Amino acid sequence: MHFASDNTAPVPPQVLEALIAANHGPAMPYGAEAAMATLTDRLRAVFEAPEAAVYLLATGTAANALSLACLCPPWGAVFCHAHAHVEEDECGAPEFFTGGAKLTLIGGADGKITPGALEAALAQGGHGVHNVQKGALSLTNTTEAGTVYSPDETAALCAMARAHGLPVHLDGARFANAVAATGASPAALTWQAGVDVLCLGGTKNGLLGAEAVVLFNPEKAWEFELRRKRAGHLLCKHRYLSAQFAAYLADDLWLKLAARANAAAARLAEGIARLPGAHLVHPPQANAVFAAFPREAHRRAHEAGAQYYLWPGHQSLEGPAAEPLSARLVCAWSTSDDEVDRFLALLGG
Amino acid sequence: MHFASDNTAPVPPQVLEALIAANHGPAMPYGAEAAMATLTDRLRAVFEAPEAAVYLLATGTAANALSLACLCPPWGAVFCHAHAHVEEDECGAPEFFTGGAKLTLIGGADGKITPGALEAALAQGGHGVHNVQKGALSLTNTTEAGTVYSPDETAALCAMARAHGLPVHLDGARFANAVAATGASPAALTWQAGVDVLCLGGTKNGLLGAEAVVLFNPEKAWEFELRRKRAGHLLCKHRYLSAQFAAYLADDLWLKLAARANAAAARLAEGIARLPGAHLVHPPQANAVFAAFPREAHRRAHEAGAQYYLWPGHQSLEGPAAEPLSARLVCAWSTSDDEVDRFLALLGG
Amino acid sequence: MHFASDNTAPVPPQVLEALIAANHGPAMPYGAEAAMATLTDRLRAVFEAPEAAVYLLATGTAANALSLACLCPPWGAVFCHAHAHVEEDECGAPEFFTGGAKLTLIGGADGKITPGALEAALAQGGHGVHNVQKGALSLTNTTEAGTVYSPDETAALCAMARAHGLPVHLDGARFANAVAATGASPAALTWQAGVDVLCLGGTKNGLLGAEAVVLFNPEKAWEFELRRKRAGHLLCKHRYLSAQFAAYLADDLWLKLAARANAAAARLAEGIARLPGAHLVHPPQANAVFAAFPREAHRRAHEAGAQYYLWPGHQSLEGPAAEPLSARLVCAWSTSDDEVDRFLALLGG
Amino acid sequence: MHFASDNTAPVPPQVLEALIAANHGPAMPYGAEAAMATLTDRLRAVFEAPEAAVYLLATGTAANALSLACLCPPWGAVFCHAHAHVEEDECGAPEFFTGGAKLTLIGGADGKITPGALEAALAQGGHGVHNVQKGALSLTNTTEAGTVYSPDETAALCAMARAHGLPVHLDGARFANAVAATGASPAALTWQAGVDVLCLGGTKNGLLGAEAVVLFNPEKAWEFELRRKRAGHLLCKHRYLSAQFAAYLADDLWLKLAARANAAAARLAEGIARLPGAHLVHPPQANAVFAAFPREAHRRAHEAGAQYYLWPGHQSLEGPAAEPLSARLVCAWSTSDDEVDRFLALLGG
């Protein structure tokens, strides 16, 4: 019963098989392997973006920070949600890679930027030389609260950014889950809505460690390549990245894995919502469930070895039995119905 | 006949098997997997350094640059060979990670820093506020010229650095080849000689993409962890790094792979040295051969599809047939005697 | 009638005379002039801090950013008020000089950090490797809202910082006004309360362009010197900085200038408070008045050429005559009673 | 007898008078004072560059580093002479401001870049993603060796840079001395020869502390302004900078001061060249003399209190009396014939 994160899951067999298949004879290093060109074509097709530049690297933090560094100058502000991964979970990587840009935090319920809050922040953003300049908008889809932006919602926020001359970055560590959840096309959720750069996650959705950066406008492609190399993120035996990602896209594996995780989360959310004294904290739209339920149920889960985070973290298992504590429960491609049901049975008592 | 680089080679079966073995059930992410603790113990034992802190990441450039950032302040000078990888092949990664330190280049034949040249540079190095301060010494073993430093040579250079209060970084992208070549113990070539931080390569010697940073003095361990995370180099599904490295160390696989590559290079060097009109450019002490031989031999090799670099790069296959052109020929763990012999036969005409 | 800022004022005669007096014969550059040693002694005496290291430079932004860079690592968070100068008016200088630290904004009425808000932010501040680490506390006295912290208030906030192991920076661009307003000793408002580094303003209080950085703990002195030089803030003909500052401290000129500016602001605030339809926005404790008064009064002032900022900036002189608009009115050492009275007469109509 | 540097000299009366004249009533801060617009027009006229953007700041190190940051990306190489001020005397400021660019050192006698050496370095400069990219050329005129580039020499080097797509920075800390020495127009020595950005020194040639940056192509003007502010180099009471510089240009004062310093150096050089056992180390073309003369002459000068640097610095006054030691002797606008003659008399013994 592992709901701590989708990054604790193993890798589906197709991906390991792809590594094994790639492991024959010499291959050109640093992305010059033939498989990378094929993958680029495949990603362009999936995104209906024949001009897009595509790069692979090993972590989402690097993908995000390198992308932001290409979009926002050192004296710029990146507008992002107050609970965005770039703000809370990357130890200041965006500040490091951009050369000291500032993250300007925007509020909004359920992990989503409120259009009005963004508009106000943009209106207030610096013009004069004493202020940090407006630099870029950074969205996250699936959000950190397990919710998703629709294509229309994405487009509305991107339009505001564009009206102020700002490019848009999309942290898509769980983008596959958003596609699976909305049924929208990858294009509709990205460049058609106004996104300039997508960080397309692979790792949280089943790969060993591979993320793609998709620059819909390839103008910054060479700059991205230099920044990636200079940051030590150009992998030498790159064939093992492209092999992972090719397997990920083949037969829509990425969307099947995401759909599986989403379904597990839906099953989990429905079960919790039915529990006495429980309620959902955010609408569970992808593969994470944020829910509150009685402390005694947490205790039973804890004693049985279930793994997940109390969220926010300062809550304690000590205290009145009936008091609800909130938790984050993340499902992965590998989460089974049985695992969910056993967990729900535990909570039910 | 691939002698372009050791990074074009595939991965030995033991390493892929280790990945497959690691791919069961959930595992804690970010280095908290149980296998990492075991690996740390193993590396400490190999290096006879029970206090050492050990970290894994995916590229050697990152390993070097993060290490240097821990050793050298932004206003410091890193003393390194004029042809060091940190100077020539990392697109300024050391400057980026250190926050703008300066690389001060030291000469020396065959890729090795001459003690006298280092002493002179250290003596001249800045004291006053107008100058960049002396920051760190960076060595490379196996060097970029395919030569190795003995423990005594390493100790002599480290002693000079220490006399000026400088810590020492060792770029060990091909450290295994140096151990195999010298027969010295890993300890003798590192901390016993005065090295503070070793970047221990795995990728060029057979792994998919895994390097270890060994901090013999763990004082900077937490800083290293923060810098690694902030740089996007803390891998999420870290079990696939620790599994690679555990397989690498098991049964001395790392040294066996290196010995194989060194032996191939020796065979190649001996063969070339016997060719009419050929000579070795640097003493071939590890897995690379720098040699000059007639242009017509290069043409035959080229036409037969052999892959390697003319070194330096500005030479041309057009010109007098007998004129010698110099080349770099790198052998990998997977280079076969047959491959070497076919290549030598081609050169011989 | 100039209330736009204290930085539009000229320089008192004593300061120009000191420049003239310093302009004889050769002098050692870069702070090695004899007058700098004398000044250091004088500043140490004023602050009862015989060990303090003292440095001069030409701008407050540089003083703040260099100080923070010495106190907070690149992966740290600087806790500061949401309207601090370091956040709002320095175009990201702290992020630049620190190498990408993050400013974490704390709320509080009247420009002052609320102890509870600081405590909450510190409690929440990152411990794990994924989070920016707690780095430093930055206070401002006189605040950007024209209020002052007492020694006790300063000490309370510093104690919270210290309990979390954080050093404290004090932006004292208008520190003289705070000393004059509170009657507290310079020591009581700084190191005795727990401040590690003071940026002691001179420019806004009458100098041509000179600020002092006082490191009460000299441990970081050499680092500060290197950072200053490397940032281009070590002035060559330094005698013209030390001469300014010496004149500033002689006969308590700095406190007399500040007292004059404070008195002008008090006179202005009292006058405004008596106007019908007017009220003070923040308690006027130093040399700035934040007040709201009817639009028609603003119009009269505007037409008569009075200079000051509507605060916040989005307000318009167009609209209902009686509606109050808020403004920031800053007095300088050179503001005369006559200037204040003429302005009040204008507002009164 | 002060020949240590031109930065130990006082300020000519015209400059102090200008400060006094500027010290009346309020003035807009941050370069918005009326005098700055006038000065910009004046500088444009002097340089025959009606589109140029002009900025003032307090130090030459800042002027150089901010200019280079506008011209060279973080992953770029700045080609400069091995003894350039940006390399040797700025504690790594260019690396700091550019975000980690690399200085690639070019040789050349008498402080001047040899065209062939530049061409070779440019030809070798990185193209691929593993190398630092070619970023900018940085020249210095007057050089650190007291020599000057003619317009033709400047143009030849700039043309090489342009052929590789590189912009050109000119460190003109002693540009006035070069104009005075060559008799060439300011335009001929800068933009007409291919220079993009000039750092026009004031401080070493008589100002308290003021340097101008002239962007002949104003495309980067706003970026420069943001970088200057963010670096803390936008002076608040800016009127005291523009007043200095206006006085500097009025009646060609800048060229008269430089001519006086150059004449003093010529007198000094001629005198030394006539001494037995003495010779000039570099041709004395501006206001510095590099010369070698017997140790006993140095001893006499030293005992009489003459100030200058043995150059290079490792030489000692202890040793054989007749052995020549080399020195750097810098004349300022304020160096008198009497001072020179007394010094020569001392050396003569």
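Lettered A, B, C and D in written order, each chain numbered from 1.
Everything below uses one rule, namely that contacts are C-beta pairs under 8 Å (C-beta built on N, C-alpha and C of every residue); 3 or more make two chains touch, one makes a residue touch a chain.
What you see is a predicted model; the values in this text were computed from it and never measured.
S.K.: From the C-alpha centres, identify the chain that is farthest from subunit C.
M.R.: Checked the centroid distances; the maximum from subunit C is B.
S.K.: Between chain pairs C-D and A-C, which one is joined by a greater number of C-beta pairs in contact?
M.R.: If we tally the contacting C-beta pairs, C-D comes out ahead.
S.K.: Just the number, please: Cα centre separation of subunit A and subunit D in whole Å.
M.R.: Whole-Å distance between the two chain centres: 51.
S.K.: Quick one: report the Å distance separating subunit C from subunit D, using the average Cα coordinate of each chain.
M.R.: 34
S.K.: Indicate the whole-number Å distance between the mean C-alpha point of subunit A and the mean C-alpha point of subunit C.
M.R.: 42
S.K.: Spell out, as numbers or ranges, the residues of subunit C touching 2 or more other chains.
M.R.: 74-75, 90-92, 96, 99, 129-130, 133, 226, 229-230, 234, in rising order.
S.K.: Where on subunit D is subunit B touching in the complex?
M.R.: 74-75, 88-92, 95-96, 98-103, 123, 126, 129-133, 314
S.K.: Inside the complex, what are the residues of subunit B that reach subunit C?
M.R.: Answer in residue numbers: 30, 73-75, 99, 129-130, 133, 223, 225-227, 229-230, 234.
S.K.: Which residues, counting only subunit A, touch subunit B once they are in their complex?
M.R.: 2, 4-5, 7-11, 16, 19-20, 23-29, 57-66, 90-93, 96-97, 203-204, 207-209, 226, 229-237, 240, 307
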